[in-house]
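Per-chain residue numbering starts at 1, and chain names A, B, C and D are given in the order in which the chains are listed.
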């Protein structure tokens, strides 16, 4: 288990926020958003974050390498409901030569709904682990 | 619109049946299976049908051509609920040089829940329409 | 089969447009957006349309009635790819005492990618067909 | 973070196995099963496990309480591909008065593909945490 980042519940600890609205198709018979949909939201936020720092995800993939999800962790704190507007904040940390971690805060109207962490590693076209691209190691990803 | 096949509600009109159980993640806040999940069920039944006639879908795809969905139609008659066991029957008809149609009957304990039609066409690696593979035009697909 | 509306490919024939970006999770191993995801997009557009005319979907549902999908039809014309921005236009027509139909045009940069139709009917809390609410029969839904 | 269970990669450490086949709709443009689909597989395995010990999930829900997912963790070790047959083994541990944890092993032909943990808690109809039902605390859930 590489999971090490402990996601904060303070929005000030994050450097990027993407906002989306939950979809009806993402709810389940408990009347709330299904717990697997949170992983889709995290991915949407990552894609928008990469775009915001000038590295759109399809360019990343076109380079022949890909950023695989090695681990995912979600802590569900308050159920998301249909049609709620969710702020997904994220920050990058725990870079090694081959992996990095992203912490997330999901909030509705300032109320924490979930925190999450994903661990990512570069993989080549054959799916094998490879070294992270140089731009990931630069300041762009971590900010600051 | 190529859609022409009118799916029967008589199970005897179908040549293949695949059975699956609905998943909780496929339900929505109305408490029933979301209407988009039916297309997933049709696809599962197609995959099992192709396997049953000796043409597993990954071999079809490995041949360099693919069978794209050109049109889909679903008539929802009785809602599917969580954990129900659904019989998905299908039959192939309306073959032309480049397309064919599949009719479906979805039933729970013999009660019709939905009927559906998908229209398929062969596409090459570039996504352009191409002629159907020979094995599709043979008797295997349509039955005896 | 109630499906009767023939969706136009001329954007001028539509009264409302919602724009969204395709998600990576909605693609499949063919490298394009999975055909079932289109139904999710139609639903998102319906929800935004109802909000735009002052009848948000959760209020509709809170009234004790619901608008069930009775039929869905999609014609796939050009595959949607990851990260494309899709304009989903819709218009309402074919109202009867108990059902109405919505036609859709999906376009990327003005290029038609798909057309679709959904047929809807009011159902009561027990899932039985009921008469459409008065506001649906008014000019608000169909436009002026 | 309640996550404490460390899932074993030895099948002998698990008490229940459910087998399913990956669906084409669960793949993404990387050509493998999307990482969010693993949570759907875990849920299917839980539902079948509850059925196997005489407590089908819809009865659990009909009792007025529900078993919410409080945390989820997945470690992706080898990508799952379309049409693979996956053995999902699970075991229950770390029971407290209000929560319990489930560990999972996902394997294809004996090769470990992923391990996972979900943390569950009982919630009442209003979504508030409540004490676990008595049957969960009995030997049925943990086995042995």
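FYI, a contact is a pair of C-beta atoms (placed from the backbone, for glycine too) under 8 Å apart; a residue touches a chain by one contact, two chains touch by 3 or more.
Computed from a predicted model, the values in this text were never measured in an experiment.
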For this session: State the chain with the largest centre-to-centre distance from chain D, centres being mean CA positions.
Result: C
For this session: Could you grab the centroid distance between chain C and chain D? Build each centroid from C-alpha atoms only and quote it in angstrom.
Result: 35
Exercise. Could you state the distance in Å from the CA-based centre of chain A to that of chain C?
Worked result: 30
Problem set entry | Distance between chain centroids, defined by C-alpha means - chain B, chain C (Å) | 23
Problem set entry | In chain B, residues with contacts to at least two other chains | 24-25, 32, 36, 39-40, 43, 82
Exercise. Connecting every touching chain pair, does the picture come out as line, ring, star, complete or other?
Worked result: complete
For this session: Within their complex, state which residues of chain B touch chain C.
Result: 1, 3, 6, 30, 32, 35-37, 39-40, 43, 66, 68-76, 79, 127
Exercise. If you look only at chain A, which of its residues touch chain C in the complex?
Worked result: 23-25, 39-40, 43-44, 47, 56-58, 82-83
Problem set entry | Sites on chain A touched by chain B in the complex | 24-25, 27-29, 31-32, 34, 36, 82
